[in-house]
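Look for chain A in each of the two complexes below; its partner is chain B in the first and chain C in the second.
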Partner chain A sequence: MEKIVEVKGLRKRYGHFEALKGIDIVLYRGEIFGFLGPNGAGKTTTVEILEGLRKPGEGEITFFNEKIHNAIPPHVKEKIGVVLQETRFLDHLKVREILELFASFFKQAKSPEEIIEMVQMEEKADDYTENLSGGQRQRLAIATALVNDPEIIFLDEPTVGLDPQSRESVWKLIRMLKNNGKTIFLTTHYMEEAQALCDRISIIDRGKIIVSDTPKNLVKNYGGKSEIDFRCNSIPLKSTIDDLKSNVNVVDDHFRIETDDITKTLEELVEWSKKFNITITDISLVEPTLEDVFLSLTGRGLRD
Partner chain B sequence: MKAFWKFFKLHLLSDLRNRRSIFWVVIFPILLLVLLILAFSNLGTNGALNFRIILINESGASGLNFSDRIVDIVKSMSYPNKNAVFTLTEMNPDQKDSAIEKVLYADADILVVIPKDFDASIARSVLLSKLGMNFSPATLDVFYVPNRASSSLAQEMIGGLTGKINAFFAGTLGQKISSVVIKDEILGEIMGSPSYTDFVTPGILVIAPFTTGLLLVAPKLSFLRANRVMRRYASTPMNPVSFFFGFTFSRTAIMVIQYIGLAFFAVFVMRSRIDIFSLTAFFYYLFSCAVYTAIGFAVGVAVSSAVAVSALSSVVNLPLEFLAGIYFPLFNLPWYIKIFVYANPLWYATNAMRELLRVSQSQSPMWMNILIPGLWLMISMGFALTKRAAERK
Partner chain C sequence: MKNLFGKAFKMFIRDRQAILMFFILPILFMLILGFVIEGLSGSATGVNVKIAAFISSSSLENAITKASSGTGLEFIFTKSVDDLNELLDDGKAQMGIIFKNDDFTFVYNQSFGQYNNYLKILQDVISSSVVNALSNVKPYIQIRSLSVKSGNLTVIGFIVPGVISIAITIAGIFGMAIIAGNYRQNMVLKRLAVTPLNGGSFFFSLAIVRFIASLISASLTVVLSEIVFSTSYDINWFSFLIFISSGIILSLGIGVILALLSRDLWTILNISTILSITMMLFSDVFFPYSIMPFYMRVISKMLPISYFSEGLRYTLGIEAMHYQDFAILTAVFIISGIAMIFFGGIKILKLERK
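Now for the complex of A and B:
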């Protein structure tokens, strides 16, 4: 796969505080890369350096096979799109005018009409920005990041503060961008968002990347065991319970099995109920999520 | 260049479409002008006053001592005597130019000069009147600034003083006819007797762009920063200079619209007699616009929330306006307030605009009217740019 961005041993210091302690990141063409970390982990510093908003400290950054020495140069910015968190625009300007403004920043830009169509805002093209809903405003923010037809798009918390419907529509837009071959660098506080959208994820904590992998592998390797909770029509004898190979615990009024292989354990449970003629009246599965991965790796929640 | 024009056009459009901006930028200054003129055109003066008088006695060594009597009478009306209305400073005849400057630049309210031939004129008038012949009374030269209330009132007080002097001569010399008259020497006046409308119009032309600088630069900049729009711009290859000039020129365009609108309204509706076509006044106005925009930049960069900008703008706005002598002439200010007046760019701008619009001579030298606001421009921009640079590190 073609590397679009490569970061090696990136460090950044603010006075005596070392925000980044030598991080490595690789972004491949056409992927959605999730960058997660608790507040103060160094996530914003990393993203702002890559967006060209902050000067890097030590380390090596490569964009499109070109080494960046000090700050991101304008010709590299020509190929980058940025969506910042909860973007607002000047009041009393129309959607079309905002896109014209952003188009004027680039040597080559798509027409506002083309972008408006892409983000499906045709009906809002002549509306003032202050009259847009949160979701529409975020779509406009994404639209401004597309005017230069970028190769890579940085999305910083793109769905924060949006209702579920607006969030879903932004996700749809992000997937559409991926399908169009764009590389996406996504930071988010929503684990379900990262899980739903990202091909790969890196988790940063205290200025260091602690793990990088696909969401599936992260859950598998660091998420802990799945849980199967069930109730029976009658209380089984201890000897009957002991017949199950899995370790069974009693929690409140039901039984719980912790397992690494849900399918296998379920099969065993079905066989067991048949063997002892026990009816399972209620069953529920709790699978580990990225939230659990995050907790187990960092010792704190993403929003802490 | 593309980005510059877009910034210029869209920032201008954004404000021209905003009813609140239109109110503050266009309607409010016109309302203020109308209200001030309606309220204060016939302003009277009450209360105890203390006028700073400079007395120069050029008639020193004549052998006659009529002039000394005048000095005594003025002294009797000066502090620390009871019911004093003057604070007297006596100066030598060779300091006359300096005394005139003091009156012109409001360090004193009035200058009274007893001319060289004063004693001889009194003696001649006494003699001629006793012979029943016609005579010209002796004169006291009084230098004052009619445009400044304190100076104008002091001149009236001196008018009253001649009655006291003539009464003295009547009592001591038996002189029944006025021996002494006042000869007014008017300072700082260009258009004759300016009305309150003439007086206040240049001040409104100073306040309007200043308000624009604070209301359409600082909060907007603060909005752009707080909502990360500036960061969004910075993530593109756009040169920040395009933003700076596009934004600044759009503010200047609004200020020019204000100038034209206000000046025409003042002249054609309110009958102000300012020189509406003075090019130097217009250029000075443009210079002032740059100063106020820079102050707006500094305020906008100093604080990031719109509420804080609003509060800070009020804190900056009100004292500067009131200590600029825009609404009323400033006089008898204590020294610690004077420091603020002399550091106030609006005071210099008001003085300059009054002179350049041919209303009255500036109370401060023209080079100061450029230097002090120029310093404000440099310090404000320096602060804004330094803070922005620090934020980007």
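Now for the complex of A and C:
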């Protein structure tokens, strides 16, 4: 796979505080790379260095096989799209005009009409940006990042503060960009977002990347066991419960089995209920998430 | 750049606050302050002050009589300085002028203290008027390019250019500082900083639109002042437009520099307000330079507004100035203004890149 961005041993210090303690990141063409971490972990510092908003400290950054020394040069910026955590636009301009303006900053740009169609804002094209809803603003923010037809797009918490419908619409847009071959660097606080969108994830904590892998592998390797919660029509005898090979715990008013193999455990549970003529009245499955991955690795939640 | 300018123009004409600042404020400023000053001076076309004058030469006496005709000023020519002092002591004149060996000496009767500020403004009016009138007969006063209708010079006519310069300066500083501060505070510039856009070009396009607006507004204000206050300027439109342009560019540049000082818009507004009030008070417009103590004169001389007013009076034909000084002043204003806008703009965008 072709490397688009490579970061080696990146360090950044603010006075005595070392925000980044030598991090390594690789982004491959066409993937959605998720960058997770709690507040103050070094996430924003990293993404702003890569966007060109902060100067890197020590380490090596390579964009498109070109080493970046102090600041990202304009010709590299031509290939980058950025959506900041919060985007405010120039006042008194319409959606179409904002896109025309941003397009004028680049040597090569797509037509505003094409971008408007891509982000499905045809009906809002002649509205002033002040009159857009939160979701529409965020779609416009993504649209401004697309005017130069970038190879890589940095999305810094693109769905913060959006309602579920708007969030779904932004996710759809991000998936469409991936399908169009764009490489996406996504930072987010939402595990479900990372899990739903990302091909690979790195988790940063206290200035260090503590793990990098696919969401599936992360959950499998670090998320702990799945849990099967169930209730029965009557309280089974302890000897009956002990007949189950899996370890069963009583939690509040129900039973819980922790398992690595959900299918096998469910089969066992069904056999057990038949054998003792017990009716399982309620059953639910709780699978580990990235939140569990993070908790198990750092002892902190993502939003802490 | 063309697209940038086009969008800056659209943003400006759709921004009611900017329209108010650049078009309404200077005109209101001129009208309100003009009427206040007109009230102080008695009338728009003349003043009711008797001036005792001792002139060492009869030809100069005739020239001064000619220069003051139509001003409403009444000159009582005396044969000696003692006679002049006697008229002042008796209250028959509020001010005396002694013109001897090419020097003007203005004498005041302190018992007319309530007139002092006004008389000192009048002193500037008379100095300008007489020096201009005498430029033809005294070749060593090198004001060759001037053509002055000194006979119509009034206090209000003298004050209005100062008022215009203050209004233009305040509109320029506030107009640019507010927009730049607003963009800084609201992270608009941070978004622009991640594009290949040059900060200098961006601020330059914003400044060009405001410059054009200011230029139109200043011309309208001058024309309006002529109609409302019956001031009659012998405007050298070429010099006027060039010089007012230079003053506007400098004001816009100062606005950009002020926006560099903080990310907080309120802080920028407070600094702009303090600077504007200081410039108004020390501008040699409302409080004559001659009544200021030494330290205030130093402050006044450090402020560009003093030079802006002076240059503007020159272009309106009411104050003498060497053409060379005028050219240097204009060049300094333009170059420093452009540098402040361009390099200030680059610096502001760089500040977004920590």
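Just so we're on the same page, the second predicted complex is superposed on the first by the 304 of 304 C-alpha atoms of A that agree within 3 Å, B and C clash if a C-alpha of one lies under 4 Å from a C-alpha of the other, contacts with A are read in each partner's own complex, and residues count from 1 in each chain.
Simple rule for what comes next: a residue touches a chain if its C-beta (ideal position, glycine included) is under 8 Å from a C-beta of that chain, and two chains touch if they have at least 3 such contacts.
Please read all numbers here as calculations on a predicted model, not as lab measurements.
Asks: What does the overlay on chain A give for chain B and chain C, a clash or a fit?
Replies: clash
Asks: In the overlaid three-chain picture, which partner chain does A:Thr144 touch, first (chain B) or second (chain C), both, or neither?
Replies: The answer is both, since A:Thr144 touches chain B and chain C.
Asks: Once chain A of both complexes is superposed, is A:Leu99 in touch with chain B (first), chain C (second), both, or neither?
Replies: neither
Asks: Taking the superposition on A as described, I'd like to know which of chain B and chain C A:Leu177 touches: first, second, both or neither.
Replies: A:Leu177 contacts neither chain B nor chain C.
Asks: Answer with first, second, both or neither: which of chain B and chain C does A:Met191 touch in the superposed model?
Replies: In the superposition, A:Met191 contacts neither chain B nor chain C.
Asks: Answer with first, second, both or neither: which of chain B and chain C does A:Leu162 touch in the superposed model?
Replies: A:Leu162 contacts neither chain B nor chain C.
Asks: Superposing the two structures on chain A, identify the stretch of chain C from 59-67, 131-139 or 221-229 that clashes with chain B.
Replies: In the superposed model, chain C runs into chain B at 221-229.
Asks: Find the residues of chain A that appear in the contact set with chain B and again in the contact set with chain C.
Replies: 51-55, 74-75, 77-78, 80, 82, 84, 86-93, 97, 100-102, 104-107, 144
Asks: What part of chain A is in contact with chain B in the complex they form?
Replies: Going by the criterion above, the answer is residues 51-55, 74-75, 77-78, 80, 82, 84-93, 97, 100-102, 104-107, 128, 144, 148, 154.
Asks: List the residues on chain B that touch chain A in their complex, please.
Replies: My answer: residues 2-3, 5-7, 10-11, 13-15, 17-18, 223-224, 227-229, 231-238, 392-393.
Asks: Give the list of chain C residues in touch with chain A in this complex.
Replies: 3-4, 7, 10-11, 14-15, 182-183, 186-188, 190-197, 352-354
Asks: In their complex, what parts of chain A are in touch with chain C?
Replies: Per the touch definition, chain A meets chain C at residues 48, 51-55, 71, 74-75, 77-78, 80, 82, 84, 86-93, 97, 100-107, 144.
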